[in-house]
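Structures for review follow.
In the two complexes below, chain A is the common chain; its partner is chain B in one and chain C in the other.
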Partner chain A sequence: MKEIILTPKELPDVGLIAETITPDLFAGKSIGKIASLLIFAGNQRKKLGDFFEVAGKSADDASDTRIVIKGDITKVKMVGKGTKAGEIVIEGSAGMYVGEEMRGGKITVLGNVDSFAGQTMRGGELVIKGNAGDYLGAAYRGDWRGMRGGVILVEGNAGAETGLFMVGGKIKIKGNCGTFAGVHMKKGLIIIEGQTPERAGAEMTGGSIVVMGDTDILPTFAPVNEEKNPEIDGEKLKGTFQTYSGDHAERGAKGMLYKFV
Partner chain B sequence: MQESLSKRCTVASDVVCPFCGTLCDDIEVDVKDNKITDVRHACRIGTAKFFSVLEEGRPTKPLIRKNGVMVETTVDTAVKKAAEILKKSIRPLLYGWSSTSCEAHAHGIAIAEEVGGVIDGTTSVCHGPSVLAIQDVGCPSCTLAEVKNRADLVIYWGCNPMHAHPRHLSRYTIYPRGYFRERGHQDRELIVIDVRKTDTAKIANKFIKVDYGRDYELLGAIRAAVNGNEINAEVVGGVTKEEIQKLAEKLKNCQFGVIFFGMGLTMTSAKHRNIDNAICLTKDLNRHTKFSIMPMRGHYNVTGFGEVLTWQTGYPYAVDFSTGYPRYNPGETSANDVLQRGEADAALIVASDPVAHFPRKSVEYLAKMPLIYIGPHHTPTSLLADVFIPSTFVGIETGGTAYRMDTVPLYAKKVVDGPKGVLSDEEILERIYKEIVRGK
Partner chain C sequence: MASLIIKNGTVYDPANNVNGEKMDIYIKDGKIVEKAARGAKKIDCNGKIIMPGGVEIHSHIAGGKVNSGRLLRPEDHKKLVMPKTKLTRSGSGFSTPSTFMTGYLYSKLGYTTAMTPAMPPLMARHTHEELNDIPMLDKGSYPLTDGNWFIMRYLKDGDIEKAAAYAAWLLRSTKGFALKITNPGGTEAWGWGKNCKSLDDPVPYFDITPREIIKGLAEVNEMLGLPHSIHLQANNLGRLGNYETTIDTIKVPSGTKNKDRQTLHLTHVQFHSYGGDSWKNFESEAETVAKAVNKTDNAIIDTGNVTLDNTTTMTADGPMEYYLQSLTHFKWMNRDVELETAPGITPFIYSPKMSTAAIQWAIGLELGLLIKDPWKVLMTTDHPNGGPFTRYPRIISWLMSRPARDEMLEKVNAAAGKRSSLASIDREYDFNDIATVTRAGQARSLGLSETKGHLGIGAHGDVAVYDIDPDNMDPSKDFKGIEKAFSAAAYTIKGGEVLVRDGEIVKVTYGNTYWTNPHVDKSLEKEVLSDIEYNFKRYYSVNLANYPVQDKYVKNPIELKIDAQKVGA
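Then we have the complex of A and B:
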């Protein structure tokens, strides 16, 4: 695998839109070409090289290209948007929309990410070592098909409306999760190892949500039974779980909520 | 206008009240020597709006900040200065719009596109959550005329029209006689759901007190009952299961029901998910009867801004033109988010007062950047402005189109001339736009 190293210079307060930072666009390009890729700073059309030192070498193929970002890019939005192959490692925290519309490859963020990470993701792997903001793996505003495939792993906590309108894939959160996890979910799996205050699975019609920690279950969920070491979508869980079906505010809802007991 | 001999004044009739989203269009205004002397048919707050044009100390001259103090200047200089600020900015925020005409909106949007800015309306801090929910799950709505002529069950949820939209009940929902509701309020039932017994709740046939922040659960439980599903709690949000089931039956068995909702739903606990669930309840009810839902829009033309922005960009508020095409995502491109992340570097505020209403952190940022303010009054925002261009009152001193809360457009008439030399929002914005594109 060949590596391109991006070292952030001073980043402007207005924030950057950097959807060009993806292995798919870097592959087969010289350092000079990469440094001249388009980045928006507010309404200004700028070059990637204006804000990042670019070093290393890219492979001809995206799947052999790894982008390493050395430092904090909290002010940078849309890194890795639509990534199909290859790898991105962010050695700090990242801004909004990391891995938005991702279809393949892997993005690892060592710090935290802002809201809308992995929005409408279809494939690949998004690993966040810190915390995630709101709308992790969610749908775009007004879309009724959110995350369709791939895996999101958060080692810290996640915010509200994680997996909104989820129709496939997996989201695992090692820490706690905000309200409305899996709201309107139709398919797929969300595992919350910590607690989630309330309203998990609100208006869900399918899919599964597992909560290991505390949570208040909506009155429109119905207890089903107790299951030992259940296997859901290929994930083997250890322990005894009280299962609930719902959300019965909806007609014919087939969502499942697993609460660790 | 016609002469009224007894009073020796002119009477403007069928005037539209430019105050709240009810947009009453039956107001009569007496005018003598270009002064409003009486206002009839309007409610108290509407009447006060008409008389506010007579306010003492009303600003008539543009002001510009020089060495920290505001000094009088000409419209030309102020317009030039405003255009300069906007042209220089790399992330300008254009905010407000709810109390001006659609014609002014069109110019504002043109400016936003030209300068690659973020344009957002007061919807953002008001019914923004309703818009998000509508985009997620749709909106079975109707016009207020349909409510007037057909509704036999009216629900006000989390709103208090007796104070915020005083003529809503008398013009459209409860008291008027409609085509199919000949006996007026005797043919209708009013249910109010709120966290406290408001003045609207006091006149309701039924008041349901919901625990604070539990509207979402209550809505879900009513939906479950309507859909024939079990509710797994004896009490939901302070309302017993039995009562919820009775209510569900009542809703299913009316002929034409309508839910009006306000800030009590949009701005508490589940926010847009409250609206989402309320809309889904309306959809569920349409399997049994005819049901509609409508947000109680506040400012008289907040709906209009959403309409104009939508037909021009595809999105109703929080539109970001920085990349050259419209992008939309409240949470990123909404006014408070752009301010609190410290992104905006200049602001144009029109027909609203964010300094009085935004969170402190946002105001702190607003205070730091060059600020242009266009509006008829001195407000906390005008005090922070670097350029202040006073304008006329739309619907009183300038005509213009406004949209009622049910998205019916009405033309708000001019009844008196504005102060000499004071331009309308529309004219000022058009001149700023022309100044920006000049020489391009």
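Then we have the complex of A and C:
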């Protein structure tokens, strides 16, 4: 695998939109060409090289290309948008919309990410070593079809409305999760290893949510039974879980909520 | 004003019986003239076809509904984004494009005029604000009169002259162009949780039937002598077995006559040509409807083609939108506009894999192909209800090419072939037919055929040039080339000014807004005005003085003054 290394220079206060930072666009390009890719700073058209030192070499094929970003890019949005193959490693924290519409490949963020990470993701892997903001793996504003496939792993905590309108894929959160996890969910799996305060699975009509820590379950969920070491979507869980079906505020709801007991 | 010579093109101008002749067109001071002006700029159109500028008769491009649709669907705006250029402003939206973008997109297709139907009178000010923002086009809007309390009361009392005087006041107050009727009676019944399901289903409380409303308004329209006929969306839109209502509706205004044009414009008939009694045996009744249209001599239709897209439906027919969302469970919104109407909005995905959508797609084309006279069937998508207007080039390719339709029939749900007659139709439109169903027919139906939809002397210098060489291109075989050529006009010329060159905007202008101002007898007008005052005090949430759209409010207005003094005299 060949590596391209991006080192942030001094970044402006206004947010950058860098949807061009993806192995698909870097593959087969020279350093000079990569440095001249388009980046928006507010409404100004700029070049990638204006904000990042570009070094290394890209492979001809996106799947053999790894992009390493050395440092914090909390004001840079949409890194890795629509990535189909290859790898991005961000050695710091990232801004909003990391891995938006991702279809394949892998994005690893060693720090935290802002809101809307993995929005309407369809495939691939998004690993966040720190915390995630709100709307992790959610739908675009107004859309009723959110994350469709792929895996998001958060080693820290996640914010509110994680997996909004989820219709496939997996989200695993090792820490705690904000309110309304899996709201409007139709399919897929969310595992919260920590606690989530309340309203997990509100208006869900399908899919599964697992909560290992404390949570208040909505009154529109009905207890079903106790399950030992259940297997959901290929994930083997250890322990005894109380299962609930819901959200019965919706017609014909078939969602399942697993609470560790 | 610019002078132009458009040289060597192959001209299709059906209104003047010019069918594919090589000739030059001269424009001076924004109008088409007989002789070239001195120093006129020359445009060589050798190997290209020339048509009058496109005229849109029914497209929801401005107003409360359109804007609510934009608010309801942020995800639609992510699908199509146009960045700002040195000339044009930025915009977004696939099925509900923003105002500026609407103008640019139409102009790129070679259109120079567009009318927005279904303006709730109370939302007229908003509609004009949006129309003022739409560049590149001449515009107009049709105020809604279907569930209007005044109209229903006057017609019920048999007071047709007062109804006419009220309609005249309404057109003046809203700066409207024509009278639009949507689901007559049904939108008011919706306020009572009901609907009008046949022409003789009375409106609660008002006790008037849709038949009486249509007949009455058709008479009102001809009494006032408006340029366009009544513009009617029949009852039961989108309902199974609604073709019977449609055929009944076509016959209703048969008593009214006009020597220049139809007396009934029935809109987006694709949505009104459904057979079957469950979604499982849903089928096309386009043949039956087409026969009825072929027979009548005072009604014409527009198609309302379905283009198999993810789009936004919006109509003033509230109960229909409620029904639609009960099928899809998508988000929706609904509004009761006081004494006037009740529109609704919901997204809809016409998936080619769905049997219903595939049949709907077939019905739209069947209507176009089975109605023999192209002057009687105009091409629309009821934008954005059947699909966005940006799909017109694709519909043109389907109409012009049987292989294009066959290719689609193989791709879409097999029901389209089995439960419609599309697979058995050989007819293919020629360029003259296309020019008729996209501009000339529209202009005649609107009553604007003196200046629009043709290239004769005195017409507006609105010209569309497409990069098609009719001698070396077979539209039937090269349907992809047809779609491409109609998607990006080689030139769009409006008022003698080149606005689009090779599919790119080169100049931004703002067109005129047409509105009609019929004057009825003064004493009758006074009488009706006192009625209006009384009802405004009693029922409206706004003061009468704040209701009419001021003259100043309309950018570049063209007022069509109509002498209707004989009404009430």
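Quick note on the criterion: the second predicted complex is superposed on the first by the 261 of 261 C-alpha atoms of A that agree within 3 Å, B and C clash if a C-alpha of one lies under 4 Å from a C-alpha of the other, contacts with A are read in each partner's own complex, and residues count from 1 in each chain.
Keep this in mind: contacts are C-beta pairs under 8 Å (C-beta built on N, C-alpha and C of every residue); 3 or more make two chains touch, one makes a residue touch a chain.
The structure presented is a predicted model; accordingly, all values stated were derived computationally and were not measured.
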Simultaneous placement of chain C and chain B on chain A, clash or fit: clash
When both partners are placed on the shared chain, which of chain B and chain C touches more of chain A: B
Partner chain(s) touched by A:K228 [first = chain B, second = chain C, both, neither]: neither
Touched partner set for A:K236, first chain B, second chain C, both or neither: neither
Which of chain B and chain C A:A41 touches, first, second, both or neither: first
Which of chain B and chain C A:Y135 touches, first, second, both or neither: first
Of the stretches 181-189, 217-225 or 325-333 belonging to chain C, the one that collides with chain B: 325-333
Shared chain A surface residues [contacts with chain B and with chain C]: 43, 140-142, 144
For the chain C and chain A complex, residues of the former touching the latter: 72-76, 78, 84, 330-331
Sites on chain A touched by chain C in the complex: 43, 139-144
Chain B - residues contacting chain A, complex: 89-91, 115-117, 132, 135-136, 216-217, 219-221, 223-224, 227, 229-233, 236, 270, 273, 276-277, 280, 284, 321-323, 328-332, 341-345
Residues of chain A touching chain B in the complex: 13-15, 17, 40-44, 77, 96, 115-116, 134-135, 140-142, 144, 165, 179-180, 183-184, 199, 202-203, 218-223, 247-251
